[in-house]
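Input: a single structure, listed below in structure tokens.
Residue numbering begins at 1 within each chain, and the chains themselves are lettered A, B and C in the order written.
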Amino acid sequence: MKINIGIITISDRASQGVYEDLSGKAIIDTLNEYLKSDWESVYALIPDEQKIIEDTMRKLADEDNCSLIVTTGGTGPAPRDVTPEATQNVCEKMLPGFGELMRQVSLQYVPTAILSRQTAGIYKKSLIINLPGKPKSIRECLDAVFPAVPYCIDLIGGPYIECNEDVIKVFRPKS
Amino acid sequence: MKINIGIITISDRASQGVYEDLSGKAIIDTLNEYLKSDWESVYALIPDEQKIIEDTMRKLADEDNCSLIVTTGGTGPAPRDVTPEATQNVCEKMLPGFGELMRQVSLQYVPTAILSRQTAGIYKKSLIINLPGKPKSIRECLDAVFPAVPYCIDLIGGPYIECNEDVIKVFRPKS
Amino acid sequence: MKINIGIITISDRASQGVYEDLSGKAIIDTLNEYLKSDWESVYALIPDEQKIIEDTMRKLADEDNCSLIVTTGGTGPAPRDVTPEATQNVCEKMLPGFGELMRQVSLQYVPTAILSRQTAGIYKKSLIINLPGKPKSIRECLDAVFPAVPYCIDLIGGPYIECNEDVIKVFRPKS
């Protein structure tokens, strides 16, 4: 089974070309380090519009068969931050443990980590995870939650993902 | 007041007799160790069907007067895992601190603990708690949250539960 | 811009005059220690009635221009505890990180911290935070979350709050 991973950068300014999308690039670089299996990225750069975010998530899952969709941006308390709301609307099941762990990890660096509303959930056969906006925080969060990602994708009927054990220690419990 | 505790094992395969329900047994054994007060278990073994789970929770609370109802199974991200959704539908108040603490405790053992969607809540005069599926994790989670359970049941008008202090240290704040 | 902060004590008994509201006083004392900027408190003492709580939150935000509204009381599992439900009804965005961190901090003192259902969220240009009922726990929780509060209020378009750095270390990330 092919491994497609969706990367959605959600940012009014980056989508208008005001600055370069370093966050999406950071995610792709990190996943290239993690994954031993062949994989393909499906990339989208969109503004902080809830309907566009939801439509993009559904398209990446339904049409592009992405088993994993990661977002960056739009998880704060500002009026335009609506990524968690979009994620909750799209997902059939929420996975609160992802947000809890990512906030806990980020709290080791900045007390404002509690302002992040990051979450994760399942839409059909796709795992959707909200990551922070900044490249450094993205890596910290991915390092914390990724060990559980391949097994989660097994459980929802996705492809078997193999990782570079010297970079990230993936865990699959014996059933 | 009599202490009735409901134990619901939620598992398609165990309910079909494919394997023995060791999880329900582990809960009963643990509660027998914890409780000094006399108590009676009301046991149900049911498939991962949301309506059946909800009906069983309501029956154990309304007809069997269970002040505490613990479930095991059905809290993961797989399509058939619907225990948290059933719990949320039945409960009038959610208690997110239970799920947070149980995931935190389980994270000390396995990184896949973030996939658990365990929660807890109040339905009328019953405290409902989702536990993990595996006997070893059940014990780890109960050891973490049970110190708060008797006081919670005091607050919702249930019976006064006394525990074996050498096994589990129950806490009741002085009001 | 003027800094108005709403303090809502939610307690059937205190609002009936059965006992003095030490909790509201503890919040005001703590904020006086924290804030270097001039600020004004808008105080309300109300019973555990969901509609009254919601109306009071909206009034403090809409009419009294409070950028920060803190509540005390009504976050437990008892039948009359409805502060989190009122907060969720009023807020457009929830900030789960506040509740997670406050429960984690309180857990260092009492295992019953998991019974607290404290949350926080954004209503228009106001940050609403539920604090515990007891003065000692109020201080512990404020010490934990307040470092992120001024930046949150920046993000939602509120006044710039300056604090006494020797009392509380506020953090504003460089954007």
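FYI, contacts are C-beta pairs under 8 Å (C-beta built on N, C-alpha and C of every residue); 3 or more make two chains touch, one makes a residue touch a chain.
Computed from a prediction, not measured in an experiment: that's the story for all the values here.
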Degree value of the rotation bringing chain A onto chain B, based on Cα positions, nearest 5: 120
Interface residue identity across copies chain A, chain C - same or different by half: different
Centroid spacing, where centroids are CA-atom means, of chain A and chain C in whole angstrom: 31
Multi-partner residues of chain C (at least 2 other chains): 96, 100
Residue ranges of chain C in contact with chain A within the complex: 93-98, 100-101, 122, 127, 145, 147-148, 151-152, 155-157, 169, 171-173
Residue ranges of chain B touching chain A (in the complex, touch as defined): 76-79, 81, 85, 96, 99-100, 103-104, 107, 110-117
